Each structure stands twice: as structure tokens, then as C-alpha cells.
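To start, the structure under review is shown below, and the notes come after it.
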Amino acid sequence: MTVTPQVEGLLDVDRIREDFPILSRTVRDGRPLVYLDSGATSQKPVQVLDAEREFYERHNAAVHRGAHQLAEEATDLYESARARIAAFIGARPSDIVFTKNATEGINLVAYAMSNAATAGPESARFRVGPGDEVLVTEMEHHANLVPWQQLCRRTGATLRWFGLTDEGRLDLGGLDELINERTKIVALTHQSNVLGTVNPVAKIAERAHAVGALLLADAAQSVPHAPVDVRTLGADFIAFSGHKMLGPSGIGVLWGRGELLEAMPPFITGGSMIEVVHLEDSTFLPPPGRFEAGVPMTAQAIGLGAAVDYLSAVGMDRVAAHEHALTAYALQRLGEVPGVRVVGPTVPEYRGGAVSFAVEDIHPHDVGQVLDDLGVEVRVGHHCAWPICRRYGIPATTRATFYLYNTLGEVDALVDGVRHAQKFFGTA
Amino acid sequence: MTVTPQVEGLLDVDRIREDFPILSRTVRDGRPLVYLDSGATSQKPVQVLDAEREFYERHNAAVHRGAHQLAEEATDLYESARARIAAFIGARPSDIVFTKNATEGINLVAYAMSNAATAGPESARFRVGPGDEVLVTEMEHHANLVPWQQLCRRTGATLRWFGLTDEGRLDLGGLDELINERTKIVALTHQSNVLGTVNPVAKIAERAHAVGALLLADAAQSVPHAPVDVRTLGADFIAFSGHKMLGPSGIGVLWGRGELLEAMPPFITGGSMIEVVHLEDSTFLPPPGRFEAGVPMTAQAIGLGAAVDYLSAVGMDRVAAHEHALTAYALQRLGEVPGVRVVGPTVPEYRGGAVSFAVEDIHPHDVGQVLDDLGVEVRVGHHCAWPICRRYGIPATTRATFYLYNTLGEVDALVDGVRHAQKFFGTA
Amino acid sequence: MQPQLEAMYQEIILDHYKNPHHKGLRDPYDAEAHHVNPTCGDEVTLRVRLAGVDAGDDAKIEDVSYDAMGCSISQASASVLTDLLIGRTVGEAQRVSEAFLALMQSKGEGEPDEDLLEDAVAFAGVSKYPARIKCALLSWMAWKDATSRAFAEESSS
Amino acid sequence: MQPQLEAMYQEIILDHYKNPHHKGLRDPYDAEAHHVNPTCGDEVTLRVRLAGVDAGDDAKIEDVSYDAMGCSISQASASVLTDLLIGRTVGEAQRVSEAFLALMQSKGEGEPDEDLLEDAVAFAGVSKYPARIKCALLSWMAWKDATSRAFAEESSS
């Protein structure tokens, strides 16, 4: 075991870990859990679990529908959560829509764009058809790729993409050609869940706006890990998931510029999003109501409200600094292991804490199996971003991701585990 | 106060109520809570809350994605919940899809039908276009009306509907004309959330199938309150919500016949629903995976699993009998109050426990306010089924809905409250 | 009868509800607005008749007429609105409207200006019930809407 | 080295992984199938060559060749498959395949038939790891698929 060095910017992890009951459990024959898979989903502090339970035990009712006291209390809690979550990203409460996950948020925009074809003239700017272009990148999570493929399929528009450099950055060489007057929307990840790369959203948005295109940033991996302010980000829409940022499963957020949401046709329709309903036809509420059909994810929104309170109390800049330190340390230590190749930027600048790597002559599944056996839980596979694997000519990767509750010692456990795998398979 | 009579079929409510912490709270200046709004959303037993919490504190991970122990445990719990929920309605596990609520389930089918236009030939039977007809009823919840209006808007198909009789039943006089060879799908509620009416789904399905049409039953109000078996119901699809059946918010179910789901194009797309992804195009998993994009509502599915365990332990036939007794009693006692008119069937046969009524010369909002002041929580308004109000020429109704934790004494409190409102507003 | 209930349903409100003032749609009018409360289906159609539209805030409200379907609170509020606004200038009416809105958002803690709001102070108790605030505001929103339409039509003609 | 890990990565498995049998795609063949594990991206392309396709279950498996990209478990499993199935009749092979599937679903509790499964019994430990079962089954699923294609092509020609 390596002696843990003194590193700047680390949080008081011992105290934080007390809030996360799962982190004190053991796995596989009594090994302490080393959870390095927060990029897939994060663990939850008791504060979040308590907020949800308190809601169910004291205030549960259908929001925005009842006139009785429970319904009032539930509505208040739900809308107060919306206000705090909005503030967390510098947004107005009426500009955030609750979805079940980031995936639904992205689909909402993609479907609104095809629905614009049969909506009123106020939605004209969202219409897409043959000749129009939709632009993504080669590093997108399937959640920010497949919905756009399907939009193109429904409308006859053309899908194009930014390629990647060997270092795991976007290749912006063709920026001005790729974003042109045919481009209707640019959909790109703010932070890659595989490479860790943080993309220059503002710069790309500037070009997109210059040609009248919209820009959606997939913020599923950025909002949980660093301060994000929609007033300076440059994007017109962002989507993220609660479960990756200490919140419950089953809740996500779509933020959009007010004037865009205002003009957008609905996606999922039903109760609570209507203004007047006749059998023949209906009219719809202004946002965010227009996009929240049915009884919503009430307890989950309240849980996510508690999660952003928790993150704000720690401070998102401190969360980012902590992860930056862990990432730098992981890049350095993995770099020292012969036969290990990091896929993605090997410097901690403009990158977040997703560290993917290949171990020579050992398939990631086998690396993961050895790590799991040691209690080190990482993810292996294509991480829902298959085109990245194709781009770098690898079948899959092993990926470690960090959060505010991880330690340098856990990075050591990862590196030790990789060396163990090499010994086990006889490659080193 | 009335002396509570001896009635057949009642459950041991005292014991049941101990499982529901919220039912022992007070509202408005210390009044005991009389919760008669389970039709909007039900309360949750500790068994459900414990199942969710236990998941988060012990097993939380992203399902179907990881190879480590937590991911295995989470996947097992999620799929075991699916199997038990499927068994609860007599279905195969692979034929149920988790959605965020019933509304999403209905939208899934409606969007799959418009997506069929640009999907492969296997989806041909779902295609709709000009000349085709979509059939609903005048008693639909907006969740089972607006998505079909929008499908017609997207595709140019025509929306038609069954009217209602003065007694609050479907007017099936025009059955053979309304369901004809142009009909692609019939979407109707199994049990009305306003009138309480239980519709003859099997009979209507028989006619629909005879002309090659599909039938979707909105089971949001039936599955929570009575035994439902998809093998005998006659429907091709049913949708329902967890939050109305003791489960958490943020989870719903769409069931479909296996061979239909198999042939249906996806709705929401992204991670976890794909087979192979290229930048240009992707292929999709078989059901149910194809319809579950993104990290799912894991804890909520597990919570809903605990809810169906709870309901099964009580026995759905006994739940139905209990509600039947409460409903009969409520219809009788409300019938004795001068100036009160029940909207919907006034006999408890072929009806569930939603009792809507009008109080002469007092607006439902005002009735509801007086009741709320007494701790009796009912719903007032159009209950997301506006066309019903138009049909019966009333602006809104007051609605009481019952569940397994309600008592005859609570029905008495409702009736006493209505009389109190009449005194307060000087109408009796 | 509960004290809370009495606090909400002040005699003044019940009086306006039972005997609404200025009810019914009247001609002539400059603009009309139809507003609906989507949660409960309450509806109001409201017309305004202004004198001197080109005087802006100094235009005088000659008439406000309405037809409404809804609960005691929304009905009484419409009736009180007509009492308060007919005969005032648009500028004065806006101040009244803002004061009423503020009262409704006060969660039962407001100190209403009786001189300005007159009978409308009776609605203070309503502000404790979020679901009913919309009822109280329905006709006020329709009035605002109708008034801005009246100005818009004037300026486009 | 953990006992659990050893139980999974039996020497036999590691041997087949490092020195796979019958690897590579060969001609002639009657049918080919390409299978993918969507969770991790592992892929196998597998060809079968039958003698006497019209004999049904009595047709003899002359060759099984494959190309695979994936982890030790999926590679070793493909190698073991070829050892077990080449030279058998389709009917016998189906029994082997079913026995292997049953072993994989046994959650580590299976009592594998050593006479039937030979080297494949080494995969018993894999059945405790749900995420790896798919790896072990990948080539078997491809074989089933290719075989039924071979029959389908025969009957349609």
C-alpha cells in the first residue's frame, strides 16, 4: 500500500462519508466497498432519504390539483424544491422542467422539434425537415445521440458530428463548416462520461447562435461535479439527472431559456399540463407546467431539492477541487503502471473526474472482475458511448469515476487492483 | 354523529392504518385527517418506504450496466420487482415496461404509433394516417384523451368518441358504427376517476379485435382497487400508476401483449435500450428494454414491488369488497341529503369507489373548503376530465375516493361535512 | 362554524357572492378577455369600456361588465372589482390591482390599505389558501388582460 | 489471489483463453451469425458447416469456426464450444447446449454433467456473476442462431 500524500483542495471526507450509509458496507467476502462508479449513479446522503420519507409520512398528496391542506403542503414543497434546484444552476424556477432523467429531457426537446411541424406558428423556429442539419459529437452518450438520430429519421433532417482528436478532445477544426446556416440544433456533452473532457460550450454556442441554431448541452456529468451557471454557459437547453448528484432515482431536469420553452409545443401530454380541454382539442399551460403531464415525481423532486442543499452547503467549487485533486492523482498513478493507457486527456485541465483506461492484453471485463473481487467497484464496457470505443479502436474500457466522498486511498486501491489483475492474468 | 352500522366485507382497518404514518396526523387546527382523495394519489405504508430506503442504504447502483456486486444486487431487486408487479396483473415480466406514470405509458403507445411511419415494416400495423380513426370516450381522464388528440394532429387521423348516458355509463348504442374498419385503436378507461363507472372492456375489445383495431385500457383507477388480470381483460395495452396503489411517486407501468411490444418502435431513446449504436444509426433491444431508456426509476420500481406485495397480502378481492361496502354506504347516505346529486351511477354495481357529487347552490370549491376545514380532504374541480363536466352541465364536482384504509366513520364525516356546508352557506 | 372558515368567508364576501354588483355583459365595450382557472374550470368573461384611451393611464374606466362561473370567492372578487374600478382612471386602477395582488400573496400576513382596497380587504383570509388565491385573482387577471387589449387595439387602429 | 476469483477463472478457462481452439473464420460454411452483447460491446461471428442438413437432428456438425472480440470468459467459452460440438450430431449438440445453459442459470448451485459438458464444467463459477453469464453464453447463442439459419436456408432452397 502506498502512503497517501498531502494534496491540496481535498474535502473532509471522513465527515462526509458518515452521511452515506452504503459506504460503510462490505462486498464480496467482507471487503470494504470502494465505490468508484458515481458517474453511473451516485450514492445518497441520509439528508436526501430523510427528505423523501418526511414527505411521504407527513405531506403526501397530488400537487397542483387539490384544494386541501395536504395538497397545499405538497405543492409548496414541490415548488420550493424547484426554486432551489433552479437557483443551483442560476436559473429562474419557471425555466426548469422536471423529467424522469436526463434522457427524457433530451427527448423532450427532440420531440418538441418534430411536433413543431403540426403546432402553431409560434413554434416555427423549432421545425426541422429535409435539408436541415442536426449536429452532435463523436463523444456523446447514447442519450444525446440516439434521440437526434430518431429526430432525423422522423423529419428527414441530416445528422452530422464533430470528430475527436487523439487526445480525447473535440476536433473543432471544421467548426465553421459544421455549424452552418442549415444547422438547426447542436447537441453536445458538457463533460464526457467516458473521456472526462470538458467541452468549450460557450465558444460553440457563439457560432451556433451566429447562424441561428440552438444549442443543447448534456449536463448529466457537469452539473453534479462543478459549478454550472446557465447565465454564462451559453447553452439554450441543458439536461441532467438527479441520481448522479446525490438525489433519488427517477428525477431529472431540463432547463431551457424562457422564451424558447414558451414557444415550444408539448411532448408528453395529459393532465396538469392543459389550460382548457374539449373533446376535439385542447390548449396548454405556459412552461414549466406544459411539459409536466400527469402526477409528477413529487417525492423525488423534493429529494433532489435536499441534494442540491447538501451540495451547496459543501460548495460546488470545493466539490470540483476535491475531484480535480483525485483525478490528477489517479492520472499520475495510473500513468506509472506499465501497460495502462488512459483513454481521454491525460492532464487534469479541462477535464472532469471520469478516468477510462485500457490495460494491455486484459479485457476490461476481466479487469473489472478482479477489481470487484477486491471490493473496488468500477464500470466496464462502452459506457453508453459506443462511438468513442470505435474511434479509439478498443472494444471497451475500464472506467473509474469520483465524487465528493472518495479518497486518495481509494485511488490507491484502484491502482493496486489493476496491478493485481496484471499479475493474475500474467501480463506483468 | 351517526352510529356506524355493521357492514359485510370490511377489512380490519385499525390494523391497516397503523402501517400508514400520515393517517395519524392532524390538519387545520388539530382536526384528525380524513383522507378521501386516494383517487388523486394514495398514501404509502411503511413497508414501501422501508423497501426504498433499504435499497438506497444497501444496494444502490445503476441497473443493467455494471458488472460489480452493487450493480448485480440492484439489477436483481429491480427485475424481481418487475416479476412481482407482472404477476400482480397476470402478466409476463417481459411484457411490462416501467414508465414514470400512467400518462407516460399512454403517450408511449400514442408516439409509437406515429413513429411507426418511419420505422421498419414490422411496425406497419401501428401506422395511422388520414382516414384512420382513433376512438376514445367522453369520460376519459385528460391522460387518455390529449395524447390521442395529439396523435391525430401529428398524423392526420380522426378522433371520435363514445358518448355517455344520463346515468354515467358509456352509451354503447353506436358500438358497431363507432368501431369500424377505419378504427386503429380504441382507448378507454377501465374505471372512471370521476363517475366511478367500470366499463365493459372485454365486450368493446371483442368488437375492436373483430375489425383489427387495438384496445388500450387506462387502468389507473382499476388496478389499484380491484383484481385485474390481463389474460381475461381483453385489452392489448393497459397503463397504470404506482402512486395510486400505495407505491412511490414517479413510477408507472405499461403492459402490452408481447407480440405487439415486440413489433413496436421505441418512444424515448438513449442508453440501455440499444443493441448496437453507430453514429449513423442504431438498433434496439427487445422489450421491455427497448422502452426503458436511461437510468430507470429503480428505487421506485422496488417500492412499487413492495406495494403489490402489501396489496396481495391483504388480497385484492378483499380490497375491492371493502371499497364496495364504503361506496354503497356513501351512495346511500349522500342520497339522503336534500340538494345533493351524485354524478355517475347511483348504484354500487359495476362501479368503483369514486363518488362525485354536486351540492345545490354551493360551488364545489366552497364545499371542499368547508370539508377541508373539518379535516375531510376531498378533491374539487374537473378532476382532469373536463368533458364529463360539460356533458352533465356542471362547472365541477366534489369527489370523495376511498381505499383500503378508509372507514365508514370517515364516510359519516364526509356527509356531516356536506350538511355543515349547507348550513354555512344557508342553502339548507 | 370554524373561526378559520369565518375568517375566509367574511360577511362582505358572502354578500357580494349572493348579490353580485354590475354582473352581466354589457355593450358598448372596448375589449373583452376570457380567463379560465385550469385547475378547477372556473371561468370569467370580462369587458372594459374606457373613455379617452389615448390618454393612457389617465383614461377613465367607464364600465366593467362580466359573466362568471365559479365559486363564491371568484364571484365575489369580480363583484368587488367592478365596485372598485368603475369610475377610476386606469392608473389608479392599476394601483388598486397591485395592492390586491400583494394582499393575495401575503399568506395571511398582509396589512391591507383599507382606503385603497375598501371591500377587497375582506379577501385577506383567502391569502392563506394557495388553491383559492387563483380564484380571487381570476377576474383581476382578466381585467388586466382586457385593459391591455383595449390599449393595443387603440394603438393599432 | 482470492478464492472466489480462482473459482471463476479456472485454469481450463485461462488455457482456452490464451490458446483458443478452432479460432478463425473458415470456408465452406452453411450459415453465419453475428451476436453482440449490448451491455459491453463484446462481439462474435460464428459459422457452422453441417453434413446432411436434411437429416434434421441427425445432421452432423462438420465444422464450427468463429471470430470473437471480448473478455476471457466469452473467448474461452467459444473455444470450448467448438471442442464440444464439432463432430457431433445437431441433436446431441442441442443437449450439450441445453446443459450448458442450465449450468449458467444455476447461480453457482449447479451439478454439471461432466460426461456431457467436459471442459465446459469449468464455467460453473461464472454462473454466480449475472453480468458475466451473458459473456459465457454469447457464442452458444450465436451457434443456435447459425444452426437454425442453416436449416431455414436448406428448407427454403
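By letter and in written order, the chains are A, B, C and D; residue numbering begins at 1 in each of them.
Following the convention adopted for this analysis, a residue touches a chain if its C-beta (ideal position, glycine included) is under 8 Å from a C-beta of that chain, and two chains touch if they have at least 3 such contacts.
No experiment lies behind these values; they were computed from the predicted model shown.
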| item | value |
| --- | --- |
| Farthest chain relative to subunit A (centres taken as mean CA coordinates) | C |
| Distance between the centres, which are taken as Cα means, of subunit D and subunit C, whole angstrom | 78 |
| Whole-Å gap between the CA centroids of subunit A and subunit D | 38 |
| Chain centre separation in whole Å, for subunit D relative to subunit B (CA means) | 46 |
| Distance between chain centroids, defined by C-alpha means - subunit A, subunit B (Å) | 31 |
| Sites on subunit B at which at least two other chains make contact | 28, 65-67, 71, 274, 276, 365, 369, 380-381, 386 |
| Multi-chain contact sites of subunit D, meaning residues that touch two or more partners | 39-40, 129, 132 |
| Touching pairs - complete list by chain label | A-B, A-C, A-D, B-C, B-D |
| Complex contact set, residues of subunit D against subunit B | 36, 38-40, 129-132 |
| Residues of subunit A that touch subunit C when the two form their complex | 64-67, 71-72, 75-76, 274-276, 285 |
| Residues of subunit D that touch subunit A when the two form their complex | 1-2, 4-5, 8-9, 14, 39-43, 69-73, 129, 132, 135 |
| Complex contact set, residues of subunit A against subunit D | 28-29, 363-366, 369-370, 373-374, 380-382, 386, 389, 395-396, 424-425 |
| Touching residues on subunit A, where the partner in the complex is subunit B | 21-22, 25, 27-28, 33, 35, 37, 40-41, 43-44, 49, 52-53, 56-62, 65-71, 100-104, 106-107, 111, 115, 117-118, 136, 138, 141-147, 149-150, 153-154, 159, 161, 241, 243, 248-251, 266, 268-274, 276-282, 293-300, 365, 368-369, 371-372, 377-381, 384, 386-387, 390 |
